[in-house]
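Attaching a single structure in structure tokens format; questions to follow.
Chain nomenclature is as follows: A, B and C, assigned in order of appearance, with residue numbering initiated at 1 for each chain independently.
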Amino acid sequence: MGVERVPRVVRDVPSRADRRFDHLTMAAGLSVLVLLSLVGVFLLLQSREAIEITGPWQFLTREEWRTDVQPPRIGVLGLLCGTVLVALVAVSFAIPLGVLCALFITEYSTAKTRKWLTATVDLLAAVPSLLFGLWGFLYLTDKIVPVSRWLTDHLGFIPIFATDEGSNLTGSIFIAGIVVSLMVLPIVTSVVREVFAQTPPGEKEAALALGSTRWGMIRTVVLPYGRGGIVGGSMLGLGRALGETIAVAIILPGVPVVSWKILQNGGATVSGFIANRAGADEFTVSGLMAAGLVLFVITLATNMVASVVVARSRSGVGVEL
Amino acid sequence: MSVLTTPRTDPGQRPGSGPVRPGTVSAPSFHRRRPRERTATDVVTLVGSLISAYCVNWLIFERILSGVDLFGFVVCTYLTFLVIFGVVTADRLGRLVATDRVVTLLVVTGALVVLVPLVVLIGYIVVEGLRALRPNFFVEDQQGITPLMPATAGGGSHAIVGTVEQVGLALLWSLPLGIAAAVFLNESRSRWRRPVRVFVDAMSGLPSIVAGLFIFAVLILPYAQSNNPLFGYNGFMASLALAITMLPTITRTVEVVLRLVPDGLREASLALGASRARTVWSVVFPTARTGMTTAVVLGIARAVGETAPLLFTAFGYDLMNSNPFRGPQESLPLFVYRNIRKPDEAAIARGFAGALVLMTIVLGLFAIARFVGRDRSRRQARAASMPRSTASSSARSSTP
Amino acid sequence: MTETTLARPLSRRPTSRARQESPVTLVGGPPPGPAELEARDACAWFGDHLVLEGVNLRMRAGEVTALIGPSGCGKSTFLRLLNRMHELVPGSALAGEILLDGEDIYAPGRRAQEVRMRIGMVFQKPNPFPAMTIRENVLSGLKLARIRCDDKERLVEESLERAGLWREVKDRLDRPGGALSGGQQQRLCIARSLAVHPNVLLMDEPCSALDPTSTRRIEDTIAELRGQVTVVIVTHNMQQAHRVSDHTAFFLAEENQPGQVIEQGPTAKIFSTPDDPRTLDYVQGRFG
């Protein structure tokens, strides 16, 4: 008993090539680290000016954004409200559709349609967001305005469908959200599909062999197994929707406002707002940086929650977000 | 019903088909059967429910409410259809089957709803783009174009040149660094791997507009008075902003591909006495090559369509500027973005022409990526089409 | 709605055992009693590859039928053909008929779900639902096939008892099913299949992943099921086939040929004086 067992320290003497290899890859890894942390640090430094002049609390809680008065009155609340609303609209369309689509791909389609549909969803992910914005602005708006009109006429008593009397229904958060949802859809679909596809075949067969219908099998085996993936994929989609820039910049008028009336013209998101200010002066840039920083923090938090949820779930091991 | 008579003939003598049920002569050829659960009644139920749902809604909307709203009509008809179909099926076959079939309908609808916008989007851009796209688009720039000129005048060659230069330069910065970082993350045992991975993951959530803003604030704005063209709006700056957005993506995707290389291969190489550097170079990279190519090509496709980081860096320019290190430069996304926001019709049409070119490039890259990754995916598809036990057993039985 | 009880007329039981039958009643489940399965000219394809050809085999009600043969001869495929699991494989096809008490289970309009409810299956690898407790696992078939039961606690006990697992798990029915040992998991899967009172139970090498003790327990379970349920078992273990079965069918696939039934008959005969020399070679362990 008294003898203490100490594991031997094993050391390998790496060859010259290996040492060079280690140094090289280490250098690359560290330079990526440094580069990316530089972005973060500069973001912080650059946004300090705006936050100091405005005051951190005012900056977070003020709705308007005016640089034409002295002292400038800028705040991020209106932008954040628009950002979150667009993302929520997008996600509320993308999650159900994405899950249904993933279910179709993994459980309902034949091998051939599965291949085509997977490729199509990937294709949807590859289409630049600019083209989505273009399409949403010049084509989809005309198609959605009657829908918005119908919703506000018939369901206007629900707060989110309410609009002001005689308001313009183009350029609304609702339209922007639908366009963004099309961009989020591939992400949700592919994460969820990957998780569903990993469902142990033995459990699926067990359910079917007990006389279950396909839906019964999905409900007892596939959905519980994929729950983590659904939540994680949705969060990831939310993260993407929060940061979506150019499509929103094209569609929304870019006026920050805190309002629940998503069907009428108005609103702005952080990133879309920044995009519309190219070539601004130094103070505005500092303010935009601060807004960008807030957005970045929110996106980061969403993504981290997503990866934790997926990693914790039974299906999450080995799923790449 | 697809009852196919297989043309196979009986292999002459079948020794010992044995003491099987006497009195039955085993048939020389067999009819392939495809088990079908759907009966004619099911089809009737489906069509009938659809028709009755349509009629009910037509009655309500047209006669009682007077005033059809296409959207409301379609939605209500669909919902009524689901309800009627569910109730009828439940009556025929029980609630269990009814739920199953209603869910099947929902899932199929969901998948269709995903497909429709994509088809409409691509069709729309092609139709609108072809209106203004002429061969001169690829050789002319916007010199001397006034709002009154037709959409077919002028071109976007300057934008194409800008895109190629900016994306090329961005790849030059981000590709070696990204791949080396991925190798670092996957093949080394340094304790710095964790922080690097955390940062790469965090930065992939950075909105791309912020990357452009960052370059603008750090490298352009402070030198506004200095007249040094390198630190002004130019393609080089755009490539830096693009590189920042691409770097985390490339690192992560390449790392995923490297991780797919089985550890057994690495161990086999190391057990042969190869150095780790040699192992990565001669075993890991060749194995992962198609995957890496696919990842990189998809990364390029994404970078080509990026607009946001360019707004603050390349800025956009109407004339040809082939020097990426001096002066504002156009790129295809910027060309599209700037043109469709102009008030005149001709500019919007030109924007669509640019959008068509951009889309063609992106889809072309996508097709290339698919083509490169094809072999792998085909093998996977074949393996996936058979369950493990039967696949292995049939393989075993067919090997001599 | 059909009323099912386990108390069946004794005449349908070839080997009557003095065993206390529990009268747990299921509503909406399979009709009572073991059923006869019969394959007529059954063939199976994967894509264009014919893996099983012209199998004619009768699995008598209440008896245990063993399917033996070397790997890759189509035994498992045949078993999956018997409860319509085969068609789940993409690109699969079949020919011939499978008769369950004289009715073709592949008849047009016949639902696979209903067939599978009557013909249960136990797989090579134990596959309890890991997210469910032991109790929920046993009752999962009822939930999935929407079978009603007046006394679920009794049914859980009865099923676990029949699977020979009751004594080991009766104090921890609310623990997750995945926490059991491999042999216990497999018996849980058997209990789960038995809970819906199937007419036939298919077992696909149920003991191949288990230790000898667990194998023994499962063989005991099969012996107890004789007469109550028709059992069809695929096994690589010759002694096991000899021990548990009444009837044996020997499958063989010649090189580059589809699998066929070479010989079938009473187990005692197949293992002592088979007609075909290849059967003799196989049961004496000379190949395969």
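The rule is short, and it goes like this: contacts are C-beta pairs under 8 Å (C-beta built on N, C-alpha and C of every residue); 3 or more make two chains touch, one makes a residue touch a chain.
Note that the structure is a prediction, hence the values are computed from the model and not measured.
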Computed over C-alpha atoms, the centroid farthest from that of chain C is that of chain A
A student comparing B-C to A-B should find more C-beta pairs in contact for A-B
Would you mind pulling out the distance in Å between where the CA atoms of chain A average out and where those of chain C do?
49
Starting from the mean Cα coordinates of chain B and chain C, work out the distance between those two points in Å.
45
Calculate how many whole Å lie between the centre of chain A and the centre of chain B, each centre taken as the average of the chain's C-alpha atoms.
17
Got the chain A residues that touch at least 2 other chains?
111, 213, 216
If you look at chain C, which of its residues touch at least two other chains?
90-91, 112-113, 145
Give the residues of chain B that touch two or more other chains, as numbers and ranges in rising order.
96-97, 385, 387
Which of the residues in chain C come into contact with chain A in the complex?
83, 85, 88, 90-91, 112-114, 116-118, 120-121, 123, 125, 127-131, 140-141, 143-145, 189, 192-193, 196
The chain A residues in contact with chain B across the complex are 14-15, 17-18, 20-22, 24-33, 35-37, 39, 42-43, 46, 96-101, 103-105, 107-109, 111, 115, 117, 119-124, 126-132, 134-135, 137-139, 146-147, 150, 154, 182, 185, 189, 201, 213-216, 218, 239, 242-243, 245-246, 250, 270-271, 274-275, 278-279, 282, 285-286, 288-289, 292, 295-296, 299-300, 302-304, 307, 320
Residue ranges of chain B in contact with chain A within the complex:
69-72, 96-97, 99-100, 103-104, 106-111, 113-115, 117-118, 120-122, 124-125, 128, 176-178, 180-181, 183-185, 187-188, 190, 192-193, 195-196, 199-211, 213-214, 216-218, 221, 244, 247-248, 251, 256, 275-278, 280, 298, 301-302, 304-308, 311-312, 315, 333, 336-337, 340-341, 348, 351-352, 355, 358-359, 362-363, 365-366, 370, 377, 381, 384-385, 387
Residues of chain B defined as touching chain C within the complex
1, 6, 8, 11, 14, 16-21, 24, 26-27, 30-39, 41, 93-97, 385-387, 389-398, 400
Could you list, by residue number, the parts of chain C that touch chain B in their complex?
40-41, 43, 45-47, 49-51, 53-54, 56-58, 71-74, 76-77, 84, 87, 89-91, 93-96, 106, 108-113, 124, 145-146, 253, 255-257, 259-265, 275-276, 278
